Each structure stands twice: as structure tokens, then as C-alpha cells.
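Labels A, B, C, D, E and F are assigned to the chains in the order they are written; within every chain, residues are numbered from 1.
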Amino acid sequence: MTILSPEFRSTVLIEALPYLKQFYGKTIVVKYGGNAMIHEELKMSVMQDIALLHFVGIRPILVHGGGPEISSMMKRMGHQPTFVGGLRVTDAETMEIVEMVLAGKTNKGIVSLLAQQGARAVGLCGKDASLVVAQQMPCDEGDLGFVGEVTTVYPEILNLLSEQGYIPVVSSVAVGPNGESYNVNADHVAGHIAAAMGAAKLIVLTDVEGLYRDFSDKSSLIQRMNVKDAEDMIADGSADRGMIPKLEACITAVRGGVIAAHMIDGRQPHSLLIEIFTNTGIGTMITA
Amino acid sequence: MTILSPEFRSTVLIEALPYLKQFYGKTIVVKYGGNAMIHEELKMSVMQDIALLHFVGIRPILVHGGGPEISSMMKRMGHQPTFVGGLRVTDAETMEIVEMVLAGKTNKGIVSLLAQQGARAVGLCGKDASLVVAQQMPCDEGDLGFVGEVTTVYPEILNLLSEQGYIPVVSSVAVGPNGESYNVNADHVAGHIAAAMGAAKLIVLTDVEGLYRDFSDKSSLIQRMNVKDAEDMIADGSADRGMIPKLEACITAVRGGVIAAHMIDGRQPHSLLIEIFTNTGIGTMITA
Amino acid sequence: MTILSPEFRSTVLIEALPYLKQFYGKTIVVKYGGNAMIHEELKMSVMQDIALLHFVGIRPILVHGGGPEISSMMKRMGHQPTFVGGLRVTDAETMEIVEMVLAGKTNKGIVSLLAQQGARAVGLCGKDASLVVAQQMPCDEGDLGFVGEVTTVYPEILNLLSEQGYIPVVSSVAVGPNGESYNVNADHVAGHIAAAMGAAKLIVLTDVEGLYRDFSDKSSLIQRMNVKDAEDMIADGSADRGMIPKLEACITAVRGGVIAAHMIDGRQPHSLLIEIFTNTGIGTMITA
Amino acid sequence: MTILSPEFRSTVLIEALPYLKQFYGKTIVVKYGGNAMIHEELKMSVMQDIALLHFVGIRPILVHGGGPEISSMMKRMGHQPTFVGGLRVTDAETMEIVEMVLAGKTNKGIVSLLAQQGARAVGLCGKDASLVVAQQMPCDEGDLGFVGEVTTVYPEILNLLSEQGYIPVVSSVAVGPNGESYNVNADHVAGHIAAAMGAAKLIVLTDVEGLYRDFSDKSSLIQRMNVKDAEDMIADGSADRGMIPKLEACITAVRGGVIAAHMIDGRQPHSLLIEIFTNTGIGTMITA
Amino acid sequence: MTILSPEFRSTVLIEALPYLKQFYGKTIVVKYGGNAMIHEELKMSVMQDIALLHFVGIRPILVHGGGPEISSMMKRMGHQPTFVGGLRVTDAETMEIVEMVLAGKTNKGIVSLLAQQGARAVGLCGKDASLVVAQQMPCDEGDLGFVGEVTTVYPEILNLLSEQGYIPVVSSVAVGPNGESYNVNADHVAGHIAAAMGAAKLIVLTDVEGLYRDFSDKSSLIQRMNVKDAEDMIADGSADRGMIPKLEACITAVRGGVIAAHMIDGRQPHSLLIEIFTNTGIGTMITA
Amino acid sequence: MTILSPEFRSTVLIEALPYLKQFYGKTIVVKYGGNAMIHEELKMSVMQDIALLHFVGIRPILVHGGGPEISSMMKRMGHQPTFVGGLRVTDAETMEIVEMVLAGKTNKGIVSLLAQQGARAVGLCGKDASLVVAQQMPCDEGDLGFVGEVTTVYPEILNLLSEQGYIPVVSSVAVGPNGESYNVNADHVAGHIAAAMGAAKLIVLTDVEGLYRDFSDKSSLIQRMNVKDAEDMIADGSADRGMIPKLEACITAVRGGVIAAHMIDGRQPHSLLIEIFTNTGIGTMITA
């Protein structure tokens, strides 16, 4: 960056001014996952972005799943996956591994990375202070075990930590009515938390550029759509299967009062900052 | 319990009154471990005790290590332990397992058990908000890897949660100067946290009745000793080896301003309540 | 109590846990009177109960009348009672004695007893901060003098003291529109205060076991009834005359939003604790 | 007052401005007693003065004894006084009467009068929240019974009430180490409270113009003296006996940090206002 | 004033008691202008009145225009006034002078005078914190330049300063949508601020005794009228032209929820105090 | 700026991260003057910089003098300057003009420019809340009139406004002991305010690159010096005369506890941001 003159740099800062104003003191929920969780450089880029949001007076909340670490840990432990109706069953042993990886390894690893950026983070799972409550996911074709769906979010602990200057990092393990753990979709957790917090934005990091009207046609990227159209894309089957949980999270958030929900390309360094601090934004934005 | 008359019950409550007064609004740090973490009934008994402390206006903080779950998980993952100078080395892979078990499985399991008692708990490890900072344990005979010793405790997050009515549950994983994880002795963590919080009491649950002057002579149980004598017992080698970290934790706490530190028998149901709410107490008490 | 083992004691405490949870931070108004105000041992028992409620995080408010002390003081001063329509008239001189006994002797005596239990109490009458406002009780058959009925309760001073950790003790002297004193029924005062405070419970101590469906038949004790039935018992004359003001206080409280109102046997030591901390409770409970 | 023109009235208000500034938000302790407590017109005048102090942002605290009401009540109850070394003994029965009159009748009567002036007052005695603690007054010539001397003042309850806009009214009954009541000199109570509150002024209402250098010479009124000279007047016996407790109260206050202590003529209507709001003041002022 | 006895003075203070009670903690907006801004003695009298209001716990807000200082400054700068439809045009140069005189000279001069009375004042214009927003005054007969009419008041800064014990002094310069300055009528500013603050009173100082039903008949002074009649007097042209902006300010205030609006004679020393602290008041009062 | 890729922009933001951390919640006092107050583009650039500081959580305070506007206004008013010992005398008429221009025109103009950047600013002079107190500048060769030197700063009003999210803008008019106005050097005001506020930085905008060791040698720019050396440069006469007040302001600030004081080139757009958000900084920095 040494080629950039100081004048140039100051101009870039000044161009961020309207966005700084807009989001001052606001909550932004970021769903972190995919390649951005795997490649060291992308990881660091996201952590810098989150720390920067924090230090300019925005209140970020990070929600994450486990990505490939769960599968690799299960393999290491010689665990054989079973399926019901094409879906992987989370039996008790799998749930134990999921919880250890998500709430133990991944979650605390993110906390540590944020600390290295100078930010104080606190790692939580849905069981802490009963933050995310779930019930068993119903399935016509059999018992999916500890696969859960979110029923309630109690956001008090997030408000407390956020107001006191901590960055909450939330893993996608939920608690059931009898204290049992559930493996819930991290996109869905992010969507529900964004709604419960009355967030200004939900930003879902993906491994694609955004949502395509036709997934096979890279020129069909949707820049902006309303929530009704998003619901229709799910209903009529035109949405890419892999994007459906992310799309659902955005819908949950916007239907719950969040002003804008975004699916952006987590493979691009600092895509979070680009989305928040530029005029055009990137990826796909869903609004009411 | 149906044989107890209501009159009898009320008398028992009234007898607790002086202790309720004494500890109202005070912090009590409990080191949880040993058999009390293994047997279902004892587990439940400790959780009830902690919840009761919370609901009578005392502020409990629970610190735990991992017990036998770490070894069993390592075995499941085919990990071979290595030793330096008779001490087990915590290599990177071991540290990963330790962290997953402690901060993921054990910690969140305790949080869930407390929730079932109606208390809101939040599970932390030493990396959250840089609560417990450690450095590598020096060892003349080789590199112990990620075995750490506590250097600093930043108790702000504990104060915040405790004041707002949450019970903090802390696992013995610490953070190093570069964000790396350290496996630290849970007794030591409890001792340092008690000192940093200015706790009224540290209570260490053990699998023995308390400290014996002569471990082979069960009649030599020490009921009360001062911190100087405790230090001498370590210095002159008369303390039972297995009790040394617990004794050190008590010394750290009392030297740090904690009024009384206790080693009590965690195998006895509700030994916490007996210690706090009766005149004689149980186990061994160390004071300044 | 030395025959009770520590294990037994801790079990009793644990059995109180659900009730500790239920009433944590809640207000409980206790109407104190009858034998419990006369016999030294019962007195002490009630004071211990109130102090215990305070130290486990409940907010008790004590309301009392004067009991036999007023009559005895009047006799000592050679005062001859007069009657109108069978009711004792409170002339100016009587009112002066009532006020001295209630607000001076009885009230401050209770404050002192609570202080001996380690609790900070503040004694008030209805004139302090205009806490209880009354007007003259209408009577077709003549002027009852300074017998009053409660018209308004201004509970701000109770909230202030209670929130700051003081136990308010209120005597049944009220203030009229011109600053004059009124002798009001202490049960009624307790009922109105419970309603104005949005208390969780009103507990009226009596000298009987509770309310009987048929007073002459001791087997007809009512354990639970709804407020409508309570009103009917007054309307149809089936309630024992002596219990009517207590019944009215319970009705006022429940109609004013209090969850449960109780008439319990004040002759039984620690009946307050038994009512609050056991499953079955004692005496008669009235709910909406 | 109709002869006073509005212009004249506004000038009087304006002349009060420097004093309004000086005492804004400050605490002034007033010892109320003597004729000002007996004659209806003087009573009303003091109550108006106190209410005015309150409404211009000053924080008054009123301390009172019982005056002639105690003797008259004792006579009504046929009580015979006994003496030890020339001092009246306060036996248990006398103490009961003193407490009833002071804390019941007089105290609540003042509260009511202040309420009629639109101010919210709360009546306390030294037993409430252990405000005034005393021990038995030593006497070489015998046991004085429940005559006490002040040992400690716990002013928290006064601060709380005063900050929340209530006027505390305190009667001179103190509490002993075992909860027993003591009859203490009201001047002394006022002096100790003024010191404990860090009051800006103590004003003692008397039935004389102030302190005379020679009591028999009305021209020898002292307008201002320092605390050392005041102590000397007691030591050398030159102070009028009747003024000694008042002088002691002023000394206690000034030695305890109160800026100025005054003995003024309570027989003069609105002497409080004249003292506080005029340049010359009235009576005798004692300063460090 | 030395002829006034202390007794007399205290009686005057006591007569102010009901008004002290009534306005304790309330906001009173004073429109300052006319002769009271020109003659040194009247100036001082108003400043004393405002300081007194402040020190007895009332919250005064002072609003002022510029009076003759603007014209004199324009003359000194050789500026020639222009007119449109009989109204003076505020061109850019005039506006610059208006702003300098109002926000620079007059405003800070008042702040300084209040400081000399011991009160902490802060001088603001409508541009500070966007307190008073205006738009160009429409005029059929041409462009009036920077003559504005109030569109919005953002009173947060006034609340902040007032609550913290500062007296806000506001000059009648407003800010337009593009940051430009507008010369607005100070009476109107006072009326809008009184409404936005929910003031208890608006008091407009004038150079006449009040509002006359017939301006030529000095015996026709209106002492009290309702807002509907005030509106009619403007509509039917019976109000004196010079009083119309003041009348409009009163109407704005009362229609906006202010309890009473007054036009009083600023030529009379301490007319503010006379209005507020006497039974009859002076001048003309408009209420809903 | 359209040629800058989003990636580039985000990198620039990320590079600001360490500085955002460092100054989060800190106070930075900016002395605004010179060319930056004259040229429209530079003006706008400074306002954007100040607004940006505000929106990233820094607390800027702007201090300004009058620049060329005062001279031009004096000329317009036909005022002839007089001199004493080579120094311009501020007679009463001049002071009036200075105050009008500084506190009326310049100050409120800056407030308006900041408002257009979305920030809420409040314009003050040293008379408001007695913020800056001065006395007459002593001069051996005659009376300089209302030329003052700062004696005390009362920063409470700045703390209040700053904590509540307002940007204080302070003009260099001070108040004397009798309420009179003084014309004080704006650099000095900034230095005293920085010290009184415990600011993290004082930044003085100048019309040169910084301080030169030898003013005629542009290659002798001092990048960093300690306060002792700065004092020596004044004492030995080696400092450029025009820079002396700025140097003195920096010395006052650093001696008063400010961490770093800077003289930077106000002619360079966004020099404030460059100083604060880059590694090298610009201009001359003085530290302890």
C-alpha cells in the first residue's frame, strides 16, 4: 500500500463518512462461514473488518457454524454418518462432537483472533443464558436425532455484552426444552438473532457472488430484491438449493424488522467493509 | 423427605439465617471437579447448591477442569501421550482436544445443568474477554508444550455477568500473549479468580475429606490452618502430592485477600451448603 | 436441633429452592397481629421469618395494628370507651392514645426487633409521606369519630425504602384530608398496600388455622378458594365475623392484582416460612 | 400584608438572592423545641419556614424533643418521677411514655403539619435504620435508667430521604446495643446529625434571644463567637445552665465540620428565615 | 430597604410559598426585549429575576431578539435598508450583521450579566444543535431575503443544559435547510420553544402594560383571556399591530400545551417576579 | 475517486484500524485557523475531518480565532487601529467588533458547516458557563485595552456536551473577573483547553508545513521534538516569531498532560486525518 499517497488515503476515509453516520451505534449481525472460515488470509480479513466495525462505533455480532471441521473431527474419531430421507442424522455421539468443535474449538478460536485485533470478544453458544432455544426438526421419513429448528431467541445477554463493548461470537448450538443440545443451521440462527436484536443489517458471507436468478448464468446476479420475491424464489423452486438456508435467514431477518439483509461473497477480502462502506455495495440485498 | 414436619423444616431455614446475612451479595468461587463431576447424583447436588446460592443473593462463580473426559476423548481419537520429566506434554493436537472438551463439552454441559435448576449461566473460557492470561510453564527437562501457568486475570467480564444475575462458569483454558491456548491447572485458575474478584470464599471440591497432616492417618484431618502453615506444608514436603495444586490455589486466594479458602469433600452430597450454612463447616479451612 | 445431621439440613434447604426462585425480588406484604404480637417466642419467630425473607432476596413489608396494647394503655389513662350502634367511638383523646401506641410504641418496637435480627427496618405510619389516606367511616347511627376507611395509598416511599434494602414497618394510622389522624383497620391497610405495591403475596397472620366453611366445624377449613367465593361468603353472612376484615383485605389485594392472599395461623411458629417455602402451604389461600 | 406594594415584595425576594445561592442544595439541620412547639401560631410559622427552605432547593432536617407533652402525659398516667443526684430517672415505664409521645404523637404531628404546607415529610426516631445509637449515660450517684448519650449516627437513611425530596423529621429516641430505647437530649441529637450529615448550618431554636455573656444582662447578647470560646464558656461555668446542651450541640456540629451553628429565638415568628435570609442574622452564631 | 423590618421580609418570603411550590422544577420561557433590554437598571432587574428563578429551583429559558442594536450597527456600517411591500428586506449583508449582533454581542452580553448574578448561562442561537429551524417567509410582493418563519424546534440541547443547571439564553437566529441563517421573530421563537419544552409558562416582556381591548383606551387592559378570544382579536383586526407577534407567540405556546402565556410590562422593575410570585399577577394572561 | 477499486478502499480503511483503536473515546482538541478558514475547499475538508472523527467515536473539540474577518469588519466600520509598543490595542469598540465577528459570525458559521456534515455542534465563547477566564495582558509600554491572557479554564460544559454527542466549537473570546470580554489568542485558548480536558492530542492547523529549525531552510522541518527543546527554541529566539503562540500552546498542552501536540499544515486537504490515521503523521509533533 506504500504507493498510496496520504491524500488518497484521507479521501477514502472521507468517502466512508455517510456510512459511518448511518450505522453509528447500530447492530449488524454477520453470519460467518464457508471459505472465509477456512483460508487464513480471508479469516484475518473478516476479523479485521469486524474489529473495524467495532472501533467505529458499530455493534457487530458474529454467528458461525462449523464448516469442514466437524466432518474432519468425525472422521478422526471413526464415526460413520447415517442418513434418513437423504439427511444426515445427528445422533448423540455426533451431537457431542458437533458441540465440542463448534462451542469449543471454532468459537474460542474466533474469540482469540478478534482479541489479536484488539477487540474484546466473548464466545457463546445457544445454551448460554438460553440464548437460542430449539426443538427437534420434524421429518416425515424418520428421526433426525439432534437436528433442531430455532423456536425462540432470548437476546438479553447479547444486548448486555454489546452495550458494554464486547463483541458476541455465537456458535450454532441450541438448547432444547430439557437442556439437551441441538445442532441448528447457523444461517437460521443468524436470521433469528438479527430479528430479535432489531439489527440494522444481516450480512451472510457465502462462497458465491450472491443470489442468481439462474444459478447456471453468472450474469443473472440479483443485486436487490424484496422479501416477497425472495419468498417466491423458494416457493417456486427457482432458488439454488445451497442458497436456501441463507435466503431463509434473510427472509426471517427482514420479516422480523431488519432493514436490509445481504448475501455477499466471503471469498473476496474485506467484502464486509465493501458492502457496508460503499455506495453500490456488493452481492444481493433483500429489503422489505 | 415426607417424614420431616413443616416445623422442622422452618427451623432448619432459620438456622441458616446468620450465614445468609454474612454472605448476602458476596462472591463465592467454587472449584468443581473430581467425583462431583462424574456421578450423576453428585453433579445434580452441586448444581442445586450453586443455584441455591444464587437465589439467596450470593454470587457464585464456578471454575472447572475436565477430569476423565479429556483422557477418554484422547483415547477415542487414538492419541498417544508423550512425557517430559515425568509430566505429560500438551502438544498442539492434545491442546485442541483439551479445548474442545473443556470449553465445548464440559463447560456448556454445566451451563445446561444450571439452566435446568432455573439459573441463567454463561460459559466462558480464559480466552473470552482475555479473562485468564497464561504463559508456558517453564520446565528444566524439556518443552511441556501448551501447559501454561496463570499470569493475569482480567475479571471485568465476571463482574459484569455476576452483577446482572448470570452465573459465570469458567473452564481452565487460558490465552497466551499471541492468542494461543494454554492448558492450565483448574485449581490455580480458581485461586487466581477468587483473588482477582475479592471473593468472600474459595471452595475447592476434592475427592477426600480435606487436608490431612499425615495422609496415611485418617484421624489427622486439619480443620483449620493459617496460610503460613499451609505454605510450610508445601515447602517441607509434608503435604500429600495430590493436594498440592488445591493447597496452592487456597494460598493464592488467601494471600490475594480472600477471607477463607476451603478444601471440602465433593463426594458428600450438598457439601457446599454444609460448608457455607453450618457452624462447624466441613473439610479444611485456610485463613490469613 | 443438634440431632439433625448436616445432610438433613442441606436437603431441607434444597427443598426450598423452587420457592426461592419463585419469589426472588418480589414483594410480600405481611399483616402482623394477634397472638404473634403478644407472645415473646412467637414474636421472635415472626421477626426471624421476616429477616430471612429479606436476606434471601424477597422484599417483605410489615403492616401492624395495635392489639391489646391500646386497650391496656387506655385503661391506664382512665379512659372510658363510648359506643355508637355497638361500635367503639374513637374520640380525639382515644385517637391520640391509638397513635402514640401504634406509631410510637408498637411500631418502633418491631423496628428494634428486626434490627436485632440484622435487618435494617424503618417504621412508618400512614401519615409519613401521606402513605395511607383515609376519610371518616360513615355510620348511620352516629358519629364514630376518628374511625377511618382507606381511600388512597401512595406507595412511593415504600418502593424507595424497599429497593434500598430497608424493611418498611407500617402502623395502621392514616391521615385525613386536613392532616387529622384516623384509626383504620390494619387488615384493610395491608390489603390496600399489597394492591398498591403489586405484591406477589399478602399474608395475614390470624389466631385461627384459617377460614372455615363452618366456624363451629374445625374439619371445614378451606385450603383454597377464589375471590368470587370469598365475596359470596361475606355477602351471604356465612363468614365468621371475626374473619371479615381479614377476608376483605384478601379480596382487596386479589382484586387489585395480587397473585395470592393467605390467612394463616400466627400461633404456629414460623408459619410464614411454612406458607412460603412448602408445597402444601398452610391456612387458606385466596386467588383470582 | 395588603399594604405592601408588589414592587416592595419583589425587592424583598431579590434581597434573598445571595442567600438562595449560598444554600442551594445544602443541608440545614434545625433543632425544633421550646415555645415554637407549643404556640399554634409559632408552630405554623416554623412549618412554613421549613417548607419554604425545601421549596427553594435547600435540604432541611428537623430534629425535635418532646417538650411539656411528656410531663403532661406522665401526669395523666399517674406516674411519679424519681430522682438520682438531682436528675430525673428514666425508668422503663417512663421510657415507654417518652417513646410513645416523642415517636408517636409529636413526631407524626409535625409530619402532618409539614404535609399541610405541601411538603412530603417522613418521621423517624433514632431506632429507625439504627439512625441514632446511644449508651447509658454514666452517673456517679446512681443509675439514671434509660437516659442515654449519643455514641454514633448512621445518616444513610437521612441522605436517602433528603435526596429523594422528603423532609426527615427525627425524634430524640435512640437505640442501645441490645435494641433497647434511650431517652437522649434532642439538642445533642441535632448536633450529632448535623456533623454526620456535613450540614451547612445547625440552627437551634430556643426561648431566649441567644447566648448572653452574662445571662442577667440582656445587653450582653453574643452575636458571634468561635468554638474555642464556646468551649471555654462551658468549662469556666459562665454559660447559663439552661443553654449548655444547646451550646454543646453547636460545639459538636462545628467541631464535626458544620460551617456555622446558631442559637436563635424561636419565639420570634419566622426567625429561621430571618437567620438564613438576612445579612445580619439573629441570635448567636458559633463558627470554627 | 433598611426601613423594612426582618419580620416584614420573612412575611414576604412566606407569601411566595404557594408559588414556589407550584413552579418547583418547572420550565418558564421568558421573551426578553424592549426597554428591559435597553435601560441598565431594568436589565439588571431582569437578570436578578432570572437568577432568582434559577436558585429557587425553577428552570428559566431566556429568548431574545436584538432591539435597537441591529439598526444602530447597520447605520454604523453604512447599510441602506430596502423594503418589499412595506417590509424590510434582510439581504445577505443585513443577515450577517443581524447574526453578529444577536448571536455575538447581545447573546453573550446577557450570558455575562447572568454570570454576574452567580448563575451559569450558555448562549445559543437557533443554529446550535439545530435548535430552531426556519424556512423563508413567503411574501406575495417580493423576496424578503433571509426573513424566516419557524418550522421546527429541536429542544434536546435545552433540556440537557437546563437539567444540568445551566440557564439557556437563545437568540432569534434560525437555521435553514441548507445551513443558511434566517432572521426570525424572537416572540415567535419564544412561543415555539415554550411549546416544544412543555413549559409551565411563557412570559413575554413588552413596553406596554399588557393587551388592551382598545389600544387607545388605557382602562381597557385585558387581565385574562382564553386562546380562542386571542385568535379572534387577530382575525378581526382589533389587536394592536405592535402586539400581534407577541399575541401569536402566546397562542402558539398555549395551543402547544403551555398552561399560561403572559404579556407583561417590562418597564416595571421585577415585573417577572411580580407576575410569578403574586396572586393577582400583572399584565395579560392567556390560557386554554 | 471512481478509479479506486472497492478492494483498495477497504484496505485503506483497514490500515486505519490501529489509530481507530488508539483514539476510541479520546478527546482531540483542534485549533482551526489560517488558510483552512478562508478557502472554501479547505474549510469543507476540515469540517469533513472533524465529522469523521466524531462518527468513529473520537471526541473532537474545535477552537478558532477570527482570521482576516475581524480586520475586514473593522475596516467596513471605519475603525482606525491604534498601537502600543508595536502591539495593536483592543479598545472597547474593537472588542465589540471582535466579539461580534468571533462569537456571532465565525463561530455560528462553523456550527452550521458541521451540521451540514451531519454532526450536531454547539458554538460557545469563553463567556458561556465561564469556560475561559482571562485577565488583562500586562504590557510595560502602555494599556493594551481588552487584550487578555488566559488564567483559568472551566471545562465542565465541554465535558457535558462532548459526552452527550455534541461537538463543541469555541471562539477565542474570554471573560474577565467583572464580566467584561477579552480578546485572547486562540492558540493559547486551544492549549489551555487541551490541558484542562486531559486531551489525547492537540492539533494546531497552521499555514506552514510545521516548525523549522531554521525558518529560511525548508529542509530543516522538525518532525518530532520534546517539550524541553520547544521551550528552549522560544527562550533562545530561534523559533520563527509567527509560530511562537502555536509553540506556546503546544507547550501548555504537553506540560498540562496532553500526550502529543502537533503543528500541521492546514493548507493540505485532510491534513487532520493524515496526522491522526497514518503511521508517519505530518508536521511537527511535541511530546513530553
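Operating definition for what follows: a contact is a pair of C-beta atoms (placed from the backbone, for glycine too) under 8 Å apart; a residue touches a chain by one contact, two chains touch by 3 or more.
Please read these numbers as outputs of a predicted model, since none were measured by experiment.
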Among the other chains, which touch chain A and chain D together? none
How many hops, at fewest, get you from chain B to chain D via touching chains? 2
Chain of greatest Cα-centre distance to chain D: A
For chain C versus chain E, what separation do you get between their C-alpha means, in angstrom? 56
Calculate how many whole Å lie between the centre of chain A and the centre of chain F, each centre taken as the average of the chain's C-alpha atoms. 45
Cα centroid separation, chain C vs chain D, in Å, comes to 35
Could you say which residues in chain C touch two or more other chains, in rising order? none
With chains as vertices and touches as edges, which is it: line, ring, star, complete or other? ring
Chains in cyclic order, anchored at chain E, direction fixed by chain F: E, F, A, B, C, D
Contacting residues of chain D [partner chain E, same complex]: 1, 4, 6-18, 20-21, 24, 45, 48-49, 51-52, 55-57, 117-118, 268-270, 273-274, 277-278, 280, 282
Parts of chain C lying in touch with chain D, wherever the complex brings them together: 73, 76-78, 96, 99-105, 107-108, 111-113, 115-116, 120-125, 127-130, 157, 160, 164, 166, 173, 175, 178-181
